[in-house]
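One structure below.
To keep things simple, chains are lettered A, B, C and D as they appear, and every chain counts its residues starting from 1.
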Amino acid sequence: MRTFLPWAVAAVALALVPLWVQSPYALHIFILLFLAIALGESWNIIGGFAGQYSVGHSAWYGLGAYGAFILLQRKAIAPWFGVWVAIAAAVIIAVAVGWITFRLRGPYFVLASIAVAEIIRLAALNWKELTNGAEGILAADVPPLRLGGTVITDWNSKIPYFYMGLGMALFCIAVNFLVKRSKLGYYLQAIREDQDAAHSLGIPLTLSKNTGLAISAACTALAGGFAALYIGFIEPQGVFGIEVSIQMVLTCIIGGIGTVAGPVIGAVVVVLLSEALRASLSSAHLLVYGVLVIIVILTMPDGFVGFIAHRLRRKAAA
Amino acid sequence: MTALLEVRNVSRFFGGVTANLDVSFSVDQGVVLGLIGPNGAGKTTLFNCITGFYPPSRGEIFFEGQRINGFPPDKVCRLGMARTWQKVRPLAKLTVLDNTVVGALCHTNSVPEARQIALEQLRVVGLEKRANVLAGGLPIGERKKLELARVMATKPRMILLDEVMGGLNARESEEIIGLILDVKKRGLTQVVIEHDMKAIVRTCDRIVVLNSGEKLAEGSPQQIVNDPRVMAAYLGDSGGAKA
Amino acid sequence: MAVFLQSALSGILIGGVYALTGIGLTLIFGVMRVINFAQGDLVMVGMYCTFWLFVLLGIDPFLSVVLTMPALFLLGALLQRTLINRVLDALPQNQILLTIGIGLVLSNTAMLVFTSDYRILSTSYSSSSVALGVIRLSTPLLFCFLITGVITAALYWFLVKTDTGHAIRATAQDRDAAQLMGVNVRFMGVLAFGLGSALAGAAGALVAPIYYIYPQVGGAFTLKAFVVVVLGGMGSIIGAALGGILIGMSESLAAVYIAADMKDLCVYVIFLLVLLLKPSGLLGKSRM
Amino acid sequence: MTPLLEVRDLDFAYGDVQVLRGVSLSVNAGEIVTLVGSNGAGKSTTLRNISRLLRPRAGTMVFDGHDLTRLAPHQVVALGVVHVPEARRVFPEMTVLENLRMGSYIASARAERAKNIERGLMLFPRLKERIGQLAGTLSGGEQQMLAIARGLMARPRLLLLDEPSLGLSPLLVRTIFDTIAQINAQGTSVLLVEQNVYQSLRIAARGYVLETGRIALSGTGESLLANSEVKAAFLGA
């Protein structure tokens, strides 16, 4: 229980934030933070626990975003229903891809994951009847969210997005906890540490990795659907581009991969730094990622969490 | 009674290189079999063939009468045959307990139950006090014991030990020998690759000698130690020299 | 038939540039076992060098190769000595991330300095072409291919005929054994990264008159370089040369016979197929 | 007389696996010295420490007045200490000739390159027939010949040979050992690591028996051949 107390306190404190903070910009930062946390935690399941460094997760993010938006535009299905269809599509495609690419190891797997995301991006770019090609899709009128006949929100302020984002981030964190403590979590971590040793201990490699990927892709697609709804506009490069995947990976690396807290810390560092430097960097905001990742890899390859844990252990030993 | 493990004419080639050629032997229930031979004799390759890491190029392998050629390693393990590694492979960033839990999950879906099994096995090898240490930080002697505990947690009927005493000092080797004899008392079948002949003679009921990929001799420890062919394999061809 | 020849030949010409970036990547991988995700961004740096040399000093893009290559050599050697050298024993994933980070720094610095505007380098011969029977070949592409050929031949000569070239190949084939021959393998790493970067720089100079120049252009070249190298077999120089030409040709043919928008898609599908069916590359296992 | 190579109290560990414990040995100019022992005793590790592929934890290694522990592998080669590694380790994608040229990579050896290639091919006529072939396509025995010939290209003062007989047919084993004796007769000192105890002690002036990282026995080749403890060290009997 002690593990969960700080998380619960943080969640309650965050839930109270809109009572004090009304500035749309501040809320916007929080929403970006929640999105970054959700994406980092999603990638962490397959990249962090299982050590499968996918640099193609933008595929699942984009499928979530496009799925929700296309259903909204074509069938007038509200995104919070449509996204589940999109998630299902993302999971099915992810598992199909995983079945093929998980045979590859190390750098070859990384390259294959990039190629898959590129293929899906190019398909989205060229399947104009469905996706409107490079011009992208602007959100149609989003219907108000009703619960039992009463309108909960008509999306005119950032507060509903704030709570939705917070809920999503907490959901992804909870999924990480559940996975980590389950049989699957043990299996994935064993695979990360030593694939052959894991195999010899009775772990079915492809099945375990695919289960992990399915969960990871589902969370990523959920975040994609949320981001699309919040931003209100999507285009192929923006959601399927390799930058999205790289941001997911780097959030985890900076915070500490394979830990539940790591992506949260990574997201805080990266979102705050990017925002602080946004004025001076403008579109070059990825510079922050580049510099951070070089520093982290060279000085603390296990991320902030690993670095601090190592310090604490040394202190305890001394 | 059929043998627990039967290896029939197994050959393994890598490109043009022959790692094993027509190796046959069988292991009965409860026996400790020593597998010895000079460097490059193909002992580890044979282990890899038996445990499914690479299928044999020719020949057949039977476990409890079932043909297991081409079974993936995880399936072989679930059938009841587990192995350790010559170069120990701890799951470095997991704790000692979690390493063992991974093994125990082979036959249960419940993590708490797996923890119980794991703790029990850690007690057997004497690592229970180290349960919460990261496996990567253990000294070599304890890493070898952890491998043994992890393998035992999969509830095997047979274990294959690849140089569990390599790199250990005399006291640590003595402990491992004790563990092997202990496991034997419980009726588990074992195949042991080992260089230390003294340990082999003390623990094994039978010995198979490999040389350049082929079976050179098989017999009781006494027969093997006094076999001139074995001596030649270990000490080199004495032709021309007065030994 | 003329259409086929026309597109196949143009494909081969542009394939030369892919080959050049791929050879650079394979050289670095061969010697250091590091996959350089910043390879395309080095091409981008080469493109900007060429652009400014042309705009400010009026140096012809094809002549500027003699300046961009040494400049990029130094940049690459510096990156190797200060950053890459420290992660040679690290996990491959961390090496990949480090080079991704380097790539991000290069492209975003370019964005800060040069803005994200697309630039075009147009020379007097930019849109001229040479007639070859029924086929017309663009003059810049033709120049580009000829210079690529000269650079590749020079590199090949260097690796096969000189002692230093032998030492680079030896390091790639067996690092320990090379040390036992008296080769300073750390220095070979610096040399290989420098050469690989110089090749990227040359590719940048050669495509500067053909492509739009903008800070993010590198990403596409990095991906193409991977495709080329995987196709030819990681670490094989001849493989990369053939892979480049093959990719250029499939791209160009796919554009004509399937759809112009689908050419990249086809390339990546081929890439995936090779990765899955023959991960050692079309030429099989082969090292410099 | 000071020995050509003197190793004192060498300690080495892979991580926390102690492989060598206080190994001391010496090679005098003109000698063949052999280091025998069973698998995993630390023979190859000793050579890899001398050639500086590995970094010792403690101990001194002096070659002709130079402290080897302070040098990088390529600098050790420049002093005239050439290590022919085990498992042959030729450059597989280079031709036989290119492999030989690599053997004389160090600056001081390049001048006499042609002469040394000639000498190597005389020692191993088989290589002459294969001169343009890729080394990876040679048979095991031919690769071993190439590895030794390549090691001689730098005209070493001390040759470190690691398991030259491994995996060769008995006939070839004798040829290789005779050739080692011949190389020695031409003035190169040799430190030979072998599993083949009889053959290596036969040609060696002196020998050391390594047992789990320690020198268990040492003496002249003849005395060790006659020693019953040698057999015990290998077979535990």
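Note that a residue touches a chain if its C-beta (ideal position, glycine included) is under 8 Å from a C-beta of that chain, and two chains touch if they have at least 3 such contacts.
The model shown is predicted, which means the values in this text are computed figures rather than measured ones.
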| item | value |
| --- | --- |
| Subunit C reached from subunit B - shortest hop count over touching chains | 2 |
| Inter-chain pair with the most contacting C-beta pairs | A-C |
| Chain whose mean Cα position lies farthest from subunit B | C |
| Rounded Å distance between subunit A and subunit B, as computed from the means of their C-alpha atoms | 43 |
| For subunit A paired with subunit C, centre-to-centre distance based on mean C-alpha positions, whole Å | 32 |
| Length of the line joining the C-alpha centres of subunit C and subunit D, rounded to whole Å | 42 |
| Footprint of subunit B on subunit D - complex, ascending | 15-19, 38-40, 163, 165-167, 170, 173-174, 194-202, 225, 230-231, 234-237 |
| Touch list for subunit C against partner subunit A, complex | 35, 83, 86-87, 90-94, 96-98, 100-105, 107-109, 111-112, 116, 215, 219, 223, 226-227, 230, 259, 261-262, 264-265, 268-269, 271-272, 275-276, 279 |
| Complex interface listing, subunit A residues touching subunit B | 181-183, 186-187, 189-190, 192-194, 196-205, 258 |
| Subunit D-facing residues of subunit C, complex | 163, 166-167, 169-170, 173-174, 176-185, 286-288 |
| List of subunit B residues in touch with subunit D within their complex | 38-40, 139-140, 163, 166-167, 169, 195-198, 200-201, 212, 225-226, 230-231, 234-243 |
